[in-house]
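Here come two complexes built around chain A, the first alongside chain B, the second alongside chain C.
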Partner chain A sequence: MHATGTTGVVMAPSVFEGTASTVAMIVLLLEFLMLRSALLRAQIRLYAAQSAVVSILAAVIAHGRSLPELYVLAVLSFALKAVLVPWVISRMMRDSATEIAGSGALGVASEVIVSIGVATFGFFAVGALHIHSTVLPSAALSLAVAVVLVSFVLMIVRRDVISQSIGFFSLENGVSLASLVVAAGMPLILEVAFLFDLLVAVVVFGILMRTHHRHVSSLSTADLTSLRG
Partner chain B sequence: MTGLPLPAIQAGQVLTVGLGAPLVSGAIATVEARLQGRRGPRVLQPFYDLHKMFGKESLAPTGSGVLFLAAPVIAIACYLSVPLLIPVLTTYPLPLATMGDILGGGFLLSFASFLVAVAATETGDPYAQLGASRAKTFGAITEPVLLMVFFTVAAITATDLPYALGETVRSGPAQVVRPAHLLATGALLMVILYETARIPIETHTGTNELGMIETARPFEHSGPYLALLHWGSMIKQLVLFTILLNIFAAPWGMASGTHPLAVAGAAGALIGKSLVLGVLIAGLDNAFAKLRLFKITEFAAAAFLLAIFAVCTLFLGGG
Partner chain C sequence: MTGCLIALLLIPLVAGGVAATVRGWAGHAATIAAGLACLGLVAAMWTSVGRGTIAVGFLRVDAVSMVFLLGTSFLYAVVAVYTAGYLRAELARRSSRAGTRYQRRFLLGINLFVWAMLFAPSVNGLALVWVGVEITTIVSAVLVAIDDTEAAAEAAWKYVLIASCGLGIALLATIFMYYAGAQVLGQSYDLSFPQLLAHAGQLPATPVRLAFVLAVIGFGTKVGLFPVHTWLPDAHAEAPTPLSALLSGSLLAVSFYAILRFYQVTAATVGAGFAGGVLLVFGVLTLLLAALYLLDQRNLKRFLAYSSVEHMGILAIGVSFGNPIALFGVMLHVLVHAAGKGGAFLSAGAIVQGFRTKQLAHIHGAFDRMPWTASTFVIAIFALCAMPPFGIFRSEFLVIQGGFSAHHTASAAVLVLLVTVAFVGLAATTTRSIAAGPVEGDPGPRQEANAWMVVPVLACVLVLLLLGLWLPGPMGEVLHNAAFELSVGGGHGPG
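Let's look at the complex of A and B:
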């Protein structure tokens, strides 16, 4: 066990560390909300909220650890991931004019239980590595890995293109959370390069969604198996 | 002026909860009515209701045993014993407070609910039995959440005494912003929403038999016994609010000495905090649509999620 006092009490982290872990925890909880939400528009809104929280975390670190270049990253990632990408996806959805609700392959409660198992596995697998960061508490790294794993579950259990691409984008949120933990001092240009990678993914997924919609005139991927010759 | 004797303060805790509970329930009902655009009952209406019911005759179904009439009395005694164990008015443990820990309080609450369920099954009324069986089934679903919350408390304070956690939370902002504390508080709030019959499927004043859980159980009771059951469920609500407020969410504004004014102020502060929480809960209650009965697992899964992550972050450090 980490940071255990003589009496078996788990010591409280400092105020900064507690705040940072709490913000990272909110990112994970939003991922779970995405998994639960049945409506695609709600999912897009949740993705925007999650990206905003990641940007807030970058700003919190910039303030608490005096790394001013992280402010730039925070602003950039907010503009890109909380405003631009959700706007692009919802425009595509407006074009396709089909609404899918509740495309999960499992019931909501089972999905959540499976994801709790997967996320806990991620937690303890990373916790066993004992990676210590100077910038953030190591719990944030475990949380980042949990976000990545839960977004995999989201992509696996949902059977529509929008949910799957949202799952992929939120996976990127998990990765940028992890990069804030292990490499917050990384040169800004690298971090920005990661962000623009996301734009490429948005373009690719956008083309994929449109092609899929043109071929089967639905956003659901459930029919794909019947197309097999 | 010297302070009050400790047993008097302890009796004061029971009185505060016992007499404050109908007030809090009445205030919540009024706020709820206003939110729905109705004028609503008076804030003191629950007191009038109780007074009216205590004046009526009581009937028991043929064939029901002695437990049918004993259950309401024992249940309210259980509910009124819990304020002896938890911090209601003071920040320091009173003489009888170490009789039981958080689990002790939990046992008392579930014993009371068990007795009411047994009394309901004794009547032979299908609706009362349905309510009793639902209450027990769904109680088992929310139980793991409470266990995880207790584990969190144990890992934070190395005890399971409610006073110790309140003390820890008061010790500084670092204890408040830690994720384990916030998550456990959130999980407990969700359990309380369920236990006080707000969300996700019931209406706490509902008269639709199919949506009833808690309110279906006293169907066959009447007169003073019905009054005791209603009063008991109001007391249970305030006890749960007190546990959330004075131990987890806002353990401030309690008396640290024995001065009568400080103790009276603490009683006022508790009622005030409960009213704020009640308004918040009434708002939540009106903001969400009720779920279908079998969707309750989704609600329980969400609460379980918060509670299990509280434990996980604690054991990974940074919690």
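Let's look at the complex of A and C:
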């Protein structure tokens, strides 16, 4: 992973850039692990790990760019995304006693292959846009877009509410990653507002579990078909 | 005038707080008073915005914002009155304790929701607009689920998941726009409109293009543009009726406002051709889908929801024409659609309560059972079909005229064609069920909705009629300024 300077000569990456790119890579790998894990509990753990990694990146950037307000974001996002949300979801899941993710629309192997294709597309498409600047680790941006695209695959091919919510939550991680590497100086309130969206998704998720579970004891979205046309 | 603006953003919060603590009529009284006060404040700000902007702190209101504020505050007042009657019928089915709790939550939610929709057009900067639209999602998703039925939970789940993903994409759009701006303005700026528009010419083109496409897809999710509209009919149909009216008349428009702000910057950076082209593609596909779905709908509220999708398609196409006449039509369309869809949804809600079904096949003889409600519903549908003498006829006529005079002849012709298909769907479905006579000559007991539910609909119909026959001078001035602000970035003159 090399950064290209303005002159086009390949240079060794700075510590900051190296960290950002490494973290982005780890986030993408965790996304793939979520895609292949069959146990819902494992998916939730992977999501918690991914959130923790993104929170650490926020702290690193807060230090590297001397933006103290990002420490707030780091702490908040760790508390919410790595601790609270996974805990609430696994509690709700314990009540419903479902353990295995519903079978997806595709087999796991095909899912992974589709995702590799999609992630590669995202990676190179963003790379081809030549969005460069001296302070921007552009590999991290491409990786963040790849994370977002793979999370869409996760939401589309899986047919249970837990996988879909985890897909959305990890989409949020991908967007956070992009905002941290591209626009660290961007107003903090955006990130915080998006964290609230997660909480509301959890609340609606809870209502859905309650009303839906009363009638059919499954978490499969294949039953959510009464509204159409 | 800055005082008016601050008061406008405080009143719904206060009303929400009051309604969440008191019981009985006091909650409704607070909400109605807040609705009327907000409408009055917007009217007071109206003329002064005709000549410039109102700015204080992070708030900034110009002519474009004003149009959306008027639409929302009008619906706020109308829906507040309607809710008083609507909840009376709903609460009759619950115990008094559960009823009080339901009413408190409901009114708190409605007030907060309106607050968020007044906040989004009043703030200065793309980042804050995104935050405003985000808050509207948070509040309205919980409100959609408030009835606690299985269908409501399913609709709320689809809504929160799809809209949140859309907002994630819209946040990416904001990030790219921030990146583009940071190349010229440095790392510490806050995406405020005057700054961005003043330097729009120097922004790097590629990130701005990318940001615009992402914004159209992301915010388009909340507008209901094809192919990311799928949550919309579910949420509109399953939400309580006062909320359906606000979602359709106001929320979709406010989300469209966010796209308009991106449009302004993009048109100033890379020209209106690119931005217009993107909107044209999405607009035509949206309109096509909605027109086809309108032809065969069996559920009354889904039917109106697809009509909203249709009108959002018209807005997108109107902006893509990019000349001042079409943009004037678009701005007027935002207002008349709020009145038309408000009237249609509110009277449909009364019909649904009266007949206890949303299925059009079971709604017959409405004119005999609920003469006032059925008449206002049919008038509102005529207005939504863009029949003269109602306001939507005027706005759609202007959009099409703008399209032809900007030499977008083919697109304007497609627009006329698709609007006609939608007209057939709207008219045929209405005459088949609502306007049809009673089955086997038995009209059933006559049970008109209470006055709280009839008067607000009459207000909507009167506004539609008024704006169709006569455009008051100050209103024309602000609409003209809004159209000018939107077209100036694209290099068009004021016309």
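Definition applied: the second predicted complex is superposed on the first by the 202 of 229 C-alpha atoms of A that agree within 3 Å, B and C clash if a C-alpha of one lies under 4 Å from a C-alpha of the other, contacts with A are read in each partner's own complex, and residues count from 1 in each chain.
Please note the rule applied: a contact is a pair of C-beta atoms (placed from the backbone, for glycine too) under 8 Å apart; a residue touches a chain by one contact, two chains touch by 3 or more.
Model, not experiment: these values are computed from the prediction.
When the two structures are aligned on the shared chain, A:Phe205 is found in touch with chain C, with no touch to chain B.
After overlaying the two complexes on the shared chain, residue contacts for A:Gly18 are found with chain B alone; chain C is out of touch. More residues of chain A lie in touch with C than with the remaining chain of the pair chain B and chain C.
Judged by the document's definition of touching, no chain A residue lies at the interface with chain B and also at the interface with chain C. Interface residues of chain A facing chain B in the complex, by the touch rule stated above, are 1-3, 7-10, 12-15, 17-19, 21-22, 25, 28-29, 32, 36, 107-109, 112-113, 116, 119-120, 123-124, 127, 137-140, 142-143.
Taken in their complex, chain B has these residues touching chain A: 155-158, 172-175, 177-180, 182-183, 297-298, 300-302, 304-306, 308-309, 312-319.
Residues 129-131, 133, 135-136, 145, 148, 152, 155, 161, 164-165, 168, 171-172, 174-175, 178-179, 182-187, 189-190, 193-194, 196-197, 200-201, 203-205, 207-208, 210-212, 214-215, 224, 226-227, 229 of chain A are the ones that touch chain C when the two sit in their complex. Contacts from chain C toward chain A in the complex involve residues 127-128, 130-131, 134-135, 137-138, 141-142, 145, 148-158, 160-161, 164-165, 167-169, 171-172, 174-176, 178-179, 182-183, 187-188, 190-191, 206-207, 210, 233-234, 237-238, 293, 297-299, 302.
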